[in-house]
Every structure is written in C-alpha cells, then in structure tokens.
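Below, subunit A partners subunit B and then partners subunit C, in two separate complexes.
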Partner chain A sequence: MENLTWTGSLGPLLNPLFLLAWAAFAVAVLAQILLSFVSGNPQMQGNALAMRKSPADWAGLAARAMFGLIVLVTLGYLVGGLLLPGPEAKGIIGTISTRLLPVWISLAVLFALSITFKRRLGLYGKLFDSTIGMVGFGIVMFWVFTAFYADMIATHDPLTQLSGMKNKVPGTAISGADDGVFGYYLLGGDNLARDVFSRMILGAWEVIKIAPFATVFAFMVGITLGVPAGYYAGTLDTILSFLANLILAFPVILLFYLLVTPEIVDTGLPTYMAMVLFIFPLIFGTVLLNSRYHTQPKFRNGIVAAFLAVGGLLYLSLISSNDPNAMIRILPGWLDLFDVPGNILVVFVSVVFVNSPTVFRIVRGIVLDIRTRDYVAAAQTRGEGAWYVMLWEILPNARGPLIVDFCLRIGYTTILLGTLGFFGLGLSPESPDWGTTINDGRRLLSIYPHPALAPALSLMSLVLGLNLLADGLREESLRD
Partner chain B sequence: MGQFLLRRVGMMLLTSLALTFVVFFLTNLEPNLEKIARSEASARMTEEDVGLWLDRNGYTQPILSRYGQWLGVLPGWTRTDGNGEVTGRCIAPDMAAGDAPTFCGVLQGDWGTSTVFDTEVGALVWDKLALTGKLMFWVMVLMVPSALLLGILAGMREGSRLDRSLSTFSIASTATPEYVSGVLFITIFASSAVGLKWFKGTATSAAESANFENFFLPVLTIALYGMGYIARMTRASMTEVMTAQYIRTARLKGVSFRNIVIRHALRNALIAPFTVIMLQFPWLLNGVVIVETLFNYKGFGWTLVQAAGNNDIELLLACSVVAVFVVLVTQLISDVGYVFLNPRIRIA
Partner chain C sequence: MRDESYTGPILEIENLSISFFTRLREIPAVMDFSCTVQPGEAMGLVGESGCGKSTVALGVMQDLGVNGRIVGGSIRFKGRDLNSMSAAELRDIRGSEIAMIYQEPMASLNPAMRIGKQLMEVPMIHEGVSEKEAYARALEVVTDVRLPDPERMLNSFPHQLSGGQQQRIVIAMALMSKPSLLILDEPTTALDVTVEAAVVQLVKDLGEKYGTSMLFISHNLGLVLETCDRICVMYSGEAVETGSIEDVFDRMRHPYTQALFRSIPLPGADKNARPLVAIPGNFPLPHERPPGCNFGPRCDYFEAERCDAGDILMAPVSGDDRHGTRCLKFDEIDWDAPIAASIATEKTEPGQVVLKTEKLKKYYEVAASALFGGGAHKVVKANETLSFEARESETLAIVGESGCGKSTFAKVLMGLETATSGRILLDNKEIQDTPIEERDTKTVSNIQMVFQNPFDTLNPSMTVGRQIMRALEIFGVGRTEDARREHMLELLDLVKLPREFATRMPRQLSGGQKQRVGIARAFAGGARIVIADEPVSALDVSVQAAVTDLLMEIQRNEKTTLLFISHDLSIVRYLADRVMVMYLGHVVEIGTTDQVFAPPYHPYTEALLSAVPIADTKVKKKHVVLEGDIPSAMNPPPGCPFQTRCNWKSKVPGNRCETEVPKMVTTAEGHQIKCHLSREELDSMEPVIQIAAE
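For the complex of A and B:
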C-alpha cells in the first residue's frame, strides 16, 4: 500500500487556493491594522456628518472575505474527505474526517437543535447569539464528542506496538497489515511504534473524564467555604483566607511533586485528603436543601434523607476501595459501586486542592459585594435563616461570574493535568493522556516532532475553546 | 504605613514557617525516607538496614525536633556510636566533634547539603537563582512592554477590528501553556527535520554564554503565556479609562486622539497592570520550571525538579523558601506600589 498524502486527490485543487487565501488574509489583516492608525476625518455627506469608507475599511472587508474563503476550503477538505472513496483519494485529512463522522453528526444535531430553540434555553441559548461563544462551544463540544466516541474513532489500540512503525511520519501504511486492522498510521507512529492518532483520540477521553469533575469539586469546596467566609467575615474569614493564601503561595509544581509521587500514595495521604475534599458536595447539598425546606419538616426530612442516602453511597464508594491493602475499607464489596485507581485519585485530589483556594477567593469577593444589596437586607428582615440568605439569595445572584470562571477553570485544570503528565507524575507512563504523550515525545522533538505535536495542538485547541466559550458567556451575561 | 508593613512581614514569616513545615513533613514521610536511604546507601538494603541507616543519620527523631534543628532553634543532633566516634548534624566529616557548632540551621546561614548534587545547598541555590534571574530578566524585557503595548492598542478603541484581532491573540496566548508553545516553537524554529533551524532547541549552552540563538526560544515561550493575561488586564483598564469623563472633556476640547491616549489615558490605565505584572511572578516561576526542563537550562526550576524527583530534602526546603519568598514579596510590592501609583488609596 502507498503512504497517504495529507490532502489526497483534493490536494492539487484545494492546496493552492488554501495557501493563496492564507497569504491574502495575512496581508489584508496587516494592512488593516497599519491603515487604521491613519484614520480618516469625518466629512459632510449631504447634511449628515459621516465617515467615508477608508482604506482600512476596504482592507477589513478583504480580510473578512479571505477568512470566509479559508473556512470554505477547510470545510471542502473535511466534506470532500467524507465523500471521496478510499483512503488514498481521501488523504490523511479526509480519512480523519471520515473517522470523526459520529462527531460531525452529533455536532450538527446539537447546533441545529440549540439554534432552533435558543430563545427558550436561557443563558445557554443566548450563547448562540455571539460568534465567539459559538466557536468556543463548537470546539469544546467537538472534544467532548470525540472523547465520548473515542473507541469508535480510534483506529488502533493505544498501547499496541506494530513492528516497523517506530517514529514513522503521518500517513504511513502498515506493511503486511492483517485483515481487520486499519492499514495506516494516520498521524504517524511514536518512539514505541504506537499510533499517534489513536492515542490523541483516547487522550481526549482521559482529559474530559477528569477535568470537569475536578473543577466541579473545586467549586463545591470553594463555594461551601467562600460563601460563609464572605457573609460572616470576621474571624472565620481571616482563618480561611490565611489557609487559602497559604496554599496559593505554594508553587503548583512543587506541590504536585510533593503530593503526586508513588511514595505519598503509599502513605494513604491522598485518600485522607479525598475524604475531606469530597465531603464538601455532601455538606453543600444538605445545607442547601435543609435551608430551603426547613419550614416543611416532613418534606425536608424525606428529601434530605434521600439526598444523603444517594450522596453518601457515592461518597463512600469513591473513598473506600476493595483493595485489601487500602487504607479505607468501609463499604462491603457488594455495596462499593466503583473503585477509583490510586493514581487517578491522587491526580484528582491534587488538582482539586490546587484549584479550590482560587475559587474560594473569587466566591468570597463576590459575596462580600452582594451581601450589602437591598434584597439581602430584605431577606434578613423577613427573618430568613443565614444559610437561606447565603445559598438562595446571594449565590444565585453570583452565578454570572461563577459560570464564566467555571469555563476558564476547566481550561486551567486541563493545563494542570497536562503539566502533571509533562513531568511524568500521577498517571501511568503508558496513559494516552495528552500531557504524558507530550512528555514522551519531547525527547526526540527536534528529529520527530509529530508524536508531541498532535497532543500539544489538541490540548491547545480545547483550552482555547474553553476560553472563547467563557468570553462569549461573559459577553452575553453582561448584556442584560 | 509602617504598621502595615510590619503586619505584612509578620504574616510572611508565619506563612513561610507553615509552608516549610508542610514541605518538611511531606518529604519526611516514611516511604520518602526509605527512598533516600536506598538511593544514598544501597538499593538492595533490607528493611532492617534501612532502619539502621536512618537511625544513624538522625532521621528517626521526632519530626518537630528535626524541623527545629533545620531552622536552627534547636541544637543539632549528635550521636556516639560503638567505637566512641561522634557523628552529628553539625559535624562535618573532616571535623572534630568538639569544634562543631551546637546550632546549624537556616538561622545560622547553614542550608544543609544537597544529596543529589553533593554540594552546599546555599551556594548551589544562589548559582541557580542567578541563572534563572538572567532568564527572568529577558522574559520581563520581552513580556512587559509588548503586553502593555498590545493591551493599550486593543483598549484605546474598544470593539474595533484592531481590538478584536489583538484580543483574539491574547486569548490564544493564555490558552497555550508553556509545554505546548515550547513544543510548537521547537518544531517550527529548531527541528532538524521540518523546521527553519533558526534557533537551537536546547538552552544548556546559554548558562555560560547566552545569545540570541540559544536563548530566544525559552524566553519567548515563558513570555508568551504571561503576555496574554497582562494584555487582557491592560485592555480592560484602558477601556475603562477611555470612557472616563475627563477623556471626553479632552476630546471635546479638541485634543488629538494620539495626545489623549499618550498624555491623558496612559498613566491612569497603567495602575491596574502594575499589580497584575507583580502577581504574575509566581506564575512565571511555574513557567520557569517547565521551560527549564523542556529546554534543559540548568537553572532554579530545573534544580527544583531534580530535588523533588530525588526527594533531596534540604535542597527542596531551600527551593520552597525561595519560591514562597518570591510569592510573598511580589504580593507586598504590588500592594505598596499600588498605593504609590494611586493616591486615592490609603493603607491604614
């Protein structure tokens, strides 16, 4: 079999157009920026004062047109790749686009539904009014769906090593491939002759699995401690702020090196930290429900009991382990729903631990501001309990900045996970997650860049998507 | 002001004490000590030998008293073995036991010995800090002016095309962690396979003689990540200033746009970024660790990784003292500087 080219049979047609569009786009953008410094003066046109279209405007128009062309050609590559028969004609991009078909379909359905019903969807719907927000959301959902369908998309097992494929360039055909094995390494092979493309796709799952959950837990800890600290101020605030600043003064990497080593995992310290950190969602939920329904004791008892039963079971399953050597074995085996492997737990705990002080500070700051509002005073005058005021009057009004920060923080958590992988901490060295793969690839970076490049670009695009999404949300939530 | 400074310095001392104790505690946990024993003496020791080795080297005393010895507030341990030979914390191998000082801790200026590098920790850390200082200096030279320029250009006309493109650039740069941009730069500029081969992919040689070829990529990599954030803060501050009443007054008086930006807006717009730049230092420390590892530049960050990877307790403690010091001092400077720049704020 022949090795694949990047663009297959679409190449001769689209490549020149693509390069041309990029060149023209760069020139137009530069011209526009330079020309905008020589702004024209407004002139009388008829009896209205108006700006004549300046050269900068024309350059802007050209830039916009060229950008449209670039998008069109990119779409051409992807759609053309879907339609053409056979990997040789599709090229690498086309074949990848074909592998990603479930993702494209899901994205199309999601966007079609969301845009149709956007007026009924609140803040989420408003996101579709902002281009930046939509682009960010698109990129994020692309990776979420990719992670979700990872097993379907990946062409090879992420750990299988095929002989003769070590450090091969993207698109290399596998010589003497068996039937049923995909015939190419789409993005080449790494230094252990594993498929870079499959590792990249499965790495998305590793990241999507940990980052949002860790962020949720960090928010739970930050909110549960930050709201009372801001509301009561005083000694509680002083103590908690001192602790938060203490953790923040630690260089993150030093903390990781101290916490995420096999030796520390052996001492069981991460499990104890998990015990403390993971109980916060439980406390938060109980207080939340209790403060809302304490006037209807019967209903309150039922709902709090139900919440505690479900949450408690999840909590205990999370921290207790079936492993006979484990530190905490509270639940009997049949009741323990799932086991989190020690190295994932320690990564999870340390990421939550690093993030929660920052969330605490943000929440505290917002609450300090909001508690002086009239509606808080009104609730206090009504005789509402302190926790009701905090969780049902103040917190909902703090949601705007918190949602925006949540998106940013998932991105930051992704970067932290990558950092951990980059230093070879926590996750197993074979794990396909992006940080570890970058770490693997960096030793031969100047000779074979492709094994490190694929995960690096993936990580960058996911974080960029999250940042754009946060920006779009900020813009839309400020609008009203 | 004096009272404020005093309180802050007190807080700093308290924080450093707490943090070093945490580091001390974590590095002295049972499995870590066992690791040290095995790497220092012999990898194939039995459990018993490990225990003996630890006992002989003073690792088995209660943790608080050892922390006190490290600090220099408790006398260093001594120990007489079967042959009547006296060993101890403060007794160097070629020193008579009687000549040794009683106290040898941080307060006496003795930072201990590094087990990885086999040298005095104090001197080692200073050397490495000098190297990292060189890196940081060039990072600042590159990052601060370009970030401020980006922010001011973007913020002077909010919503313009220039603003949009520069803001997109800032977002992209904050979304690119050092280990990603470093990999990209090495691929593009230094890779021998596909790259332009303009620069070198390693900065090891920059420790002795830094030049543009071997030093630019690491500097750029660190600067880029911080740049986006500072630029965004500058932009936010600049847009706020540009909507202020006195800017409108100046406009209505007929002052040209250029003069408004340079004479009237700039000074007020630069107050907020000052704080941000100061608070960026701790983050830069992070970047330094990553970049020094990636480019193999043997400075402070690289040392920290070596120390942490080999559980070199005393070196690690010294590194964390330095790191904490950097964080807290920059916080202090940013608070005090804020007052000087903004006369409306008074510190009680």
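For the complex of A and C:
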C-alpha cells in the first residue's frame, strides 16, 4: 500500500485554486489597507443610493469574495473526501472527513433544528443571529460530538504501538497490516509508534469530560459563597473576599505541584479538600429548594429529602472509594456508584480551587448591584427569607454575565488541564489528553512536529470556539 | 464659518421621516414631521415616551447611530441642508452653532476632567482662541448660570457638584460658543422640583439674554407652558398638533391633546367630584401602528372607514397663527362640550385611627473611618420627631424632595429598619422595634408597599402570575396551589389586567401594566396600609391617570389607608385627604389638603407650590425661586433645617432661625406649621396659585 497524500485525487484540481485564492485574498487585503489611506472619505449622507464606491471599497469587496472562495474550497476538500471512494483517492483530509461523518451529520441536524426554531429558544436561539456566536458554537459542538463518537471515529487503540510506525509522517501506510485494522496512520505516529489521530480524538473525550464538570463545581462554590457575600456585605464579605484574594495571590503552578506531591496525597489533603468542595452543590440545592417551598412544609420535606437522597449518594460515591488504601471508605461497595481515579479527583480539586475565587468575585459584584433593585425590596417587605431573596430573586437575574463567564471559563479550564498535563501532573502519563500529548511530542519538536501539532491545534480551536461562543452570547444577551 | 447676516428661520424641518433598522424590520420612529423655529423663539416638543421627540433632536444633530437613518424630508439650519453636510462640516456646527443639553447631567460631563478644562475646550476647538481668553469666557458663563464662587467651580471635578449644579455647568457649556439653536432634551427630569424651577428660570432668562432659539423637549406640559412660545404635540412618531402656546392650551384642535389635558390633574380636579379621564388603551408599538390616524383606536371621536382610511396630513386651523392639527374631524367636533365620561363618586369618610406615630426618630451612625471603625462617628438624622396619625380609608400624602427622609420613614414602617426612638402604633400595637423577620404574617401583609420604578418593581425572570402567587404563599392565603391560582386571577381582575397576563414575563408588559401588577402584589394579603412611593411619577401622563384611578378605586372598596409619597403637588392635591410636608427629616407642615394648599404656608411649602409647573394658562403663580441646593443630611444646618434657603428668614427677629429648631405651631384645627414666623406674618401670606377669573 502506498502512503496517502494530503488531498488525494482532489489535489491537482483544488490545490492550485486554493493557493490562488489565498494569494488573491492577501493582495486584496493589502490593497484595501493601502487604498484607504489614499482615497477620501466616502459621502455617507442622504440617500443611500447615491453612495459612490471608492477603490478601497472595491478591494474590500474582492477580499470578501476571495475569503468566500477559500471557505468554498475547504468545504470542497471535506465534501469531496466524503464522496470519493477509497483512501487513496480521498487523501488524508478526505479520509478524516469520512471518519468524522457522524459528527457532520449531528452538527447538520443540530443546526437545522436550532435555526428552524430559533425564535422559540430564548437566548440559545438568539445565538443563531450572530455569525461569531454560530461559528463558536459550531466549533465547540464539533469537539463535543467528536468526543461523544470518539470510539467510532478513532482508527486505532490509543495505546497500541505498531512496529515500524515510530515518528512516521501523516498518511503513512501500515506495512503488513492485519485484516480489520485500519491501514494508515492518518496523522502519523508518535515517538512510541502510537496513532496521533486516534490519540487526538480520544483526547477530546478526556478534555470534554473533565473541563465542563470542573467548571460547574467551581461555579457552585463561587456562587454559594459569592451571593451571601454580596447580599450581606459587611464583615462576611470582607472575610470571604480576603480569602479569595489570598488564594488568587498564591502561585497556581506551585499549588498544583503541592497537591499532586505523593507526600501530600498520602496525608489525604486533596481528598479532604474534595470532600469540602464537592459538598457545595448539595448545600446549594438544599437551600434553594427549602427557601422556595418552606411555606408548604409537606411538599418541601418530600422534595428536599428526594434531593438529598440522590445528591447525597452521588456525593458519597464521588468521594468514597473502593480502593482499600483510600482515605475515605464510607459506602459499601455495592452502593458506590462509581469510582473517580485519585488523579482525576486531584485535577478536579485544583481546577475548582483556583477558579472559584474568580467566580466568587464576579458573583459578588453582580449581587451588590442587583440587591438595590425594587423587586428585592419588594421581596424583603413581604417578609421573605434572606436565602429566598438571594437565590430566587437575585441569582436568576445575574445569569447573563454568568453564562458568558461560564463559557470563557471552560476555555481556561481546558488550557489549565493542558498545562497540568504538560507538567505531567494529574492525569496518567499514558492518557491521550491533549496536554500530556503535547508534552510527549515536545521533545522531538524540531524533527517531528506532527505529534505535538495535532493536539495543540485541537486545544487552540476548542478554546477559540469557546471564546467566540462567549462573545456571541454576550453580544446577543445585550441586544433585544 | 458663522453667517451673522442670516435673518430667516433658524431651523426648518420639512416632512422629516426617520427610521431605525433592526435585523427584523424597519421601525419608523418619526414620520412626516415638520416644524420651524424662528430666531429667538422657544419651541416645545411634547409627547409621551416613545413618541419620537428625542429622535427628532438626534436627527437635527445628525447623530442617529448605526441603525438610524433619515429616510425622507429635509432639515435646514439657517438655510443650509444638514442632511447633505459632510462629517467635517457637521463637526463644525455641533457644539458651536447647535448645542444640546441632555437629561442626565452626570452622563454629559467627563468625570475625569476638571470643569474649567471641559468648558474651555469649546471655544478653543471651535474658534481657536487662546487658553487665557477661553478661561475668561468660561468664568463669565459660569457667573451667568448663577453658580456661587465660579473660580472654585472651574477648578472642581463633576462629582464634587450637586445634580443641579452639574446641570448648570452643562447649560454653561452649551452657551460657551453662543449657539444659535439650543436643544434641551428633558433637561430637568433628573432634578428635584425646587431645583428644577430654578434651572427652568435660568434657561428662560439666558434665552432672552443671548437671543438663542430653543427646542425644548419634555413630557411635562406645565414646563413647556412656562418656557416656550410655541408647542408641538407628538404622538406615536407624528406631530399631531402644533401652534402657539395659547392656541394649543386653550383652543386645542386635536383629540389627543384634549385627552392629554383631561388626564392630568389641574387645579379644580377632585378625586370624587371631578375625577381625571384616563385615555383608554395603550400606546401603539412602532411596528403595530394602526392604519390612518395613529390615535384612532383610543379616540372618542373615531369614525370607522374615515379615520382609518389613509394617511392624514397636517391641516391648518383657520384664524390662528400657524396652528395646525392632524385630525380629519377637527371642524366637526364640539371642542367646548363638557366632559361627559367622568363619574362622580361619594366621598368616603375616614374611619378610626389605624396607624399612629409618636415622636419617631431614626438616626444612622456613619463611621468616619470605614476601615477600622474607629474615630468619630457621624450621625445622620434621617427622621426627626415624626408625629402623625392615619385613619382607615384615608389618603395621607407625604411630600418632599430627595433626602427629606420619606424613604427612611417607609423603611422603618415596613420593618426593614428599626426606629431609634419614638413609637409606631399599628392598631395600638407597638411595631417600631420589631424587624420584619420577627413580625407575624398578619402584620407584614397588613403593611405593603407599591414601588416607584415600574421597570424595577417586578423580578424580570419570573412570570407575573408566579410573582403574585409567591406573595399569596408567603401571606398564607389559600390552602392549595389551585386556590392560590384562582385568587391570583381575581387579583389580576382587581387591577383590570387580562387574565392571560398571568403567564407573561415582565418584559412583555408596559410600564403602566407592570405598576398594576405591583399594586396587585401589594394587595395580595389584604393590605390595610399601603405605602405608595411615587407610584406614578415614572409613568407617562396618559397612563398616570389610569393607575391613580385604580389605586383610588381599590382604596374605596378595601378601605385601605394610603400613604402616598410624592413630590408632585398636582397629583397630591388631586387625591390626598391630608398632606404632610417634609424637609431634611423634619415635618414642616401638616394639615388637610385644603389647609396646606392655602395660606398660611410654611415657607418651604410656599416654594414647593410655586415650583410645580401647572399646565393651565389661567393659573397665575407667585414666583418663589429658592437659591442653592438641599443641604446634605450628613451635615444639616443648625437651627431650622430650612434656614439656608428660606426667603422669609429676614422677617424673624434676631438669629432664632439659625440657633433654635422651631416648634410646631397649630394654626387651625388639624393644621400645624414648624416655623418661627409670627402669626401676623403667616396670616399676611398671599396664595401662590390663583386661578384667573374666566
């Protein structure tokens, strides 16, 4: 079998066009910048029809057209790859596009449904009015679906090493591949002869699985402490803000190193921290329900008990472990729903620990503003409890900035996970997550860049997508 | 640049149409608007919020933002078409020949720049004068706007000045380059009444002194009457009537203008004998305007097939000077017909005393150093010896400007704060020391409040029905969810809102509707005392009457005691049985409405009465303009709280005003005044408001 080219049989046709489009785009952009210095201000007053186009405008138009062409050709590569038969004709891009077919279908369905019903979907629907928001959402959902279908997409096991594939360039055919084994390393092999493409895809799952959850916990902690700090102000606020500042001022990397040092892990410190940090969602939920339904004691007892039963079980499953050496073994084995590996727990704890002070400060600031509103006074004057006012009158109205920050913070968390992986902290050294993979590929970066490049670009695109999504949400939530 | 020889009209707007473009549709904001402002003339632009009056002003400034565009017509300033000017030419005109004054003074001044520098910029940019000359000019103008100690003013930052002083600086800045046209967009709405009166007087005097033409935008007909020569009434993007003040006020020829005048409380209106007539229906949304006459659906004289047939043009009213109306039937309507719709009701007799306060005091301690809590403590005396009683189904108005302590009193009454000393008796039970958490449900539901700002009074992320039901839950009304829902729907009926509103979100409601929901919520637990904190001041004129009437009607049926907090004396006279005037935490005058509105007055009441603009050409007012601003409650003057601004101070022998807090003097049964003036001086006072004989 021959090695694959990047673009397969589409190459001779599309490659020159692609290059040409890029060249023309660059020239047009440059021309637009230069010409805008030369030509005077266009007359914008009065009737719009009378507007004359200056040379700079024409250059801008050309740049836009070329950009459209570039997008079109890129789409051509992806769609062409889907349609052509056989890996040789598809090329690397085409084959990857084919592997990602479930993702494309899911994205198409999601977008079609969302755009059709966008007027009925509130803020989420409004997102589809902003191009930036749509692009960001598309990128994020691309990685979410990729993570979801990872096992279908990946071509090889992320840990299998195939002889002769060490540091091979993208598209290398596997010599003497068995039947049923995919015949190529699409994005090449790393220095342990593992498939870079499969590791990248499965790494997405590692990232998507941890980052949002860790962020949710950070928000829970930040909100549960930030709302009362802003509402009561005074001494409570001073103490909590001081603590938050203390944590923020502490060097983060040093904190991580400390948390994962075996001696510290042996003292059980991370586990106890996990105990404390993970109980916040439980407290939050209980207070939320109690404040809302305390006027109907019967109903309240039922719903709070149900919540505590489910939440408590999850909480105990999370912190207790079946491992005989574990610090906390509260639940009997048959009740323990799942075990979180110790190193992931440490990652969770450190992410929550460094993110929650920032969330705390944001929430506190918003609450300080909202508590002066009349509807808060109205709730107070009808004798509502403080927690009802905080959680049902104030918090829902702080959601706008919080949703935006949530998106941005998932991005930070993703980078933080990468950083942790890069330092070899937290996740196991064999884990395909992007940070660890970048660290592995770093050593031979000058000779074989591809093992590090693939996860690095993935990380970049996911964080970019999240930031664009946050931008889109912010823009749309401000509009009416 | 400046053409001094030009003698024609300063501003000519012809058939102007302005639209805003959103991603869904084009929204016409102003349609077919024409007006002319002659040199030295003041033109008033009146209308409710959303009628397009500010858009006209922005159109004149050619500052419509990215979404707005002029889609038709022309704006000529001194004969030159503003629509076809380049950005550079416009920059030259803005700020030098056309100046604009905005509503919020703090937002128009750069907080990081000294006042002097901001003022000097104007002539330095537009005329290129030297720094020295610019400083001299700034000093002159600041003196002109009657600010004390001009040199210190020029050297201070905006936040160091009070709201009234800031607005004077903004006016000074507008006058720096001696503009030919001054656009004032609700210049006094953010100010207190007595300060407003002084600023309005100033604008009037300066207009005469500099010969500036003015475009005065306001929602307040009374203000326009006091400041302008001509008026243009706008409704839903169109000018509906224009003419001289006398013509429009006394011989109005458009049904909207007429309805507007019938819905504002003028002297003579009375809640029982001559109630206000609210305009039915709601202001149409810009994209839901009816065909033909925009006012058609709310008009008493509406004639189907005619009024909704096609576009209606401005028609001149013969015999009057440039008086026009946008009504097809103005010749047929009998404009002098008496108001038919008003229904007189029986006056309700107040019952027994429900609420009684005795020498109530509320002091706040403010630490001088916030960080360590040490050092000297300052005491803010928010309420000083408040004593009064309120009876069942009585309306007691509490009148005063910002900082007078009325909100603090409301807080103490509600239990959000506890009193420093004195007593509050609710049904002979002391409640002054019980914070709201310790009050029983009945006490809490007995005293409820209606808030001022309709856009703030409802939680934006909860449905209307849910919010009312929450109040029912808290007050323990109804045993089951269904019973409460039923009760909630009845409450919506009570405030005359359709039952479908239960599932709406607050943002889908107009200001008046939100305020109705707020009223429904306050009455959820069968409140016996309702504190209404300026419940209608943020609403449009035509909606105010409807909400006021609703409050009155519920009060009549439920025998509620209404504590009506307001600074608007027109509405107080209309609906209050008794009035209590407050200044800096003191009650300075208390009595029945008739007693307070007739001499003898407390000097502050006199100034307040004179300051409130009244939209009636027949009313003759005595001009009492107070100098200066309200002192800070942190640092009140010694002796009488009002002595720093009092015009009568010289009539009191010695320096008693400065040293001694006056005692309450009873002048008549139930009428008390806190003043050092002798009985003879008080009796010699002349009435402020006189209605000229017809």
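Just so we're on the same page, the second predicted complex is superposed on the first by the 461 of 480 C-alpha atoms of A that agree within 3 Å, B and C clash if a C-alpha of one lies under 4 Å from a C-alpha of the other, contacts with A are read in each partner's own complex, and residues count from 1 in each chain.
As a working rule, a contact is a pair of C-beta atoms (placed from the backbone, for glycine too) under 8 Å apart; a residue touches a chain by one contact, two chains touch by 3 or more.
Predicted, not measured: the structure shown is a model, and the values here were computed from it.
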- Applying the touch criterion given at the start, work out whether A:Gly383 contacts subunit B, subunit C, both or neither, answering first, second, both or neither. second
- Task: Using the superposition on chain A described above, determine whether A:Asp190 touches subunit B (first), subunit C (second), both, or neither.
- Result: neither
- Is A:Glu476 contacted by the first partner subunit B, the second partner subunit C, both or neither? neither
- Message: Quick check on the superposed pair: does A:Gln296 touch subunit B, subunit C, both, or neither? Answer first, second, both or neither.
- Response: second
- Where does A:Glu393 make contact in the superposed view: on subunit B (first), on subunit C (second), on both, or on neither? second
- Which one hits more subunit A residues, subunit B or subunit C? B
- Looking at the overlay, what does A:Tyr375 touch: subunit B (first), subunit C (second), both, or neither? second
- First (subunit B), second (subunit C), both or neither: which does A:Asp405 touch? neither
- Task: Flag every residue of subunit C that touches subunit A in the complex, lowest number first.
- Result: 23, 62, 69-70, 83-87, 414-416, 436-437, 439, 441, 444-445, 448-449, 451-453, 456-462, 471, 473-476, 518, 521, 525
- Complex interface listing, subunit A residues touching subunit C: 41, 43-46, 48, 129, 295-296, 373-375, 377-384, 392-393, 396-397, 399
- Task: Can you check the complex and tell me which residues of subunit A touch subunit B?
- Result: 29, 32-33, 36, 39, 56, 60, 63, 242, 245-246, 248-254, 257-259, 261-264, 266-267, 269, 411, 415, 418-419, 422-423, 435, 438, 441-442, 445-449, 452-453, 456-457, 459-460, 463-464, 466-468, 471
- Message: Residue numbers of subunit B touching subunit A in their complex, please.
- Response: 15, 18-19, 22-23, 26-27, 29-32, 34-35, 160-162, 165, 171-172, 174-177, 179-180, 183-184, 186-187, 190-195, 201, 257, 282, 285-286, 289-290, 293-294, 304-305, 308-309, 311, 316, 319-320, 323-324, 327-328
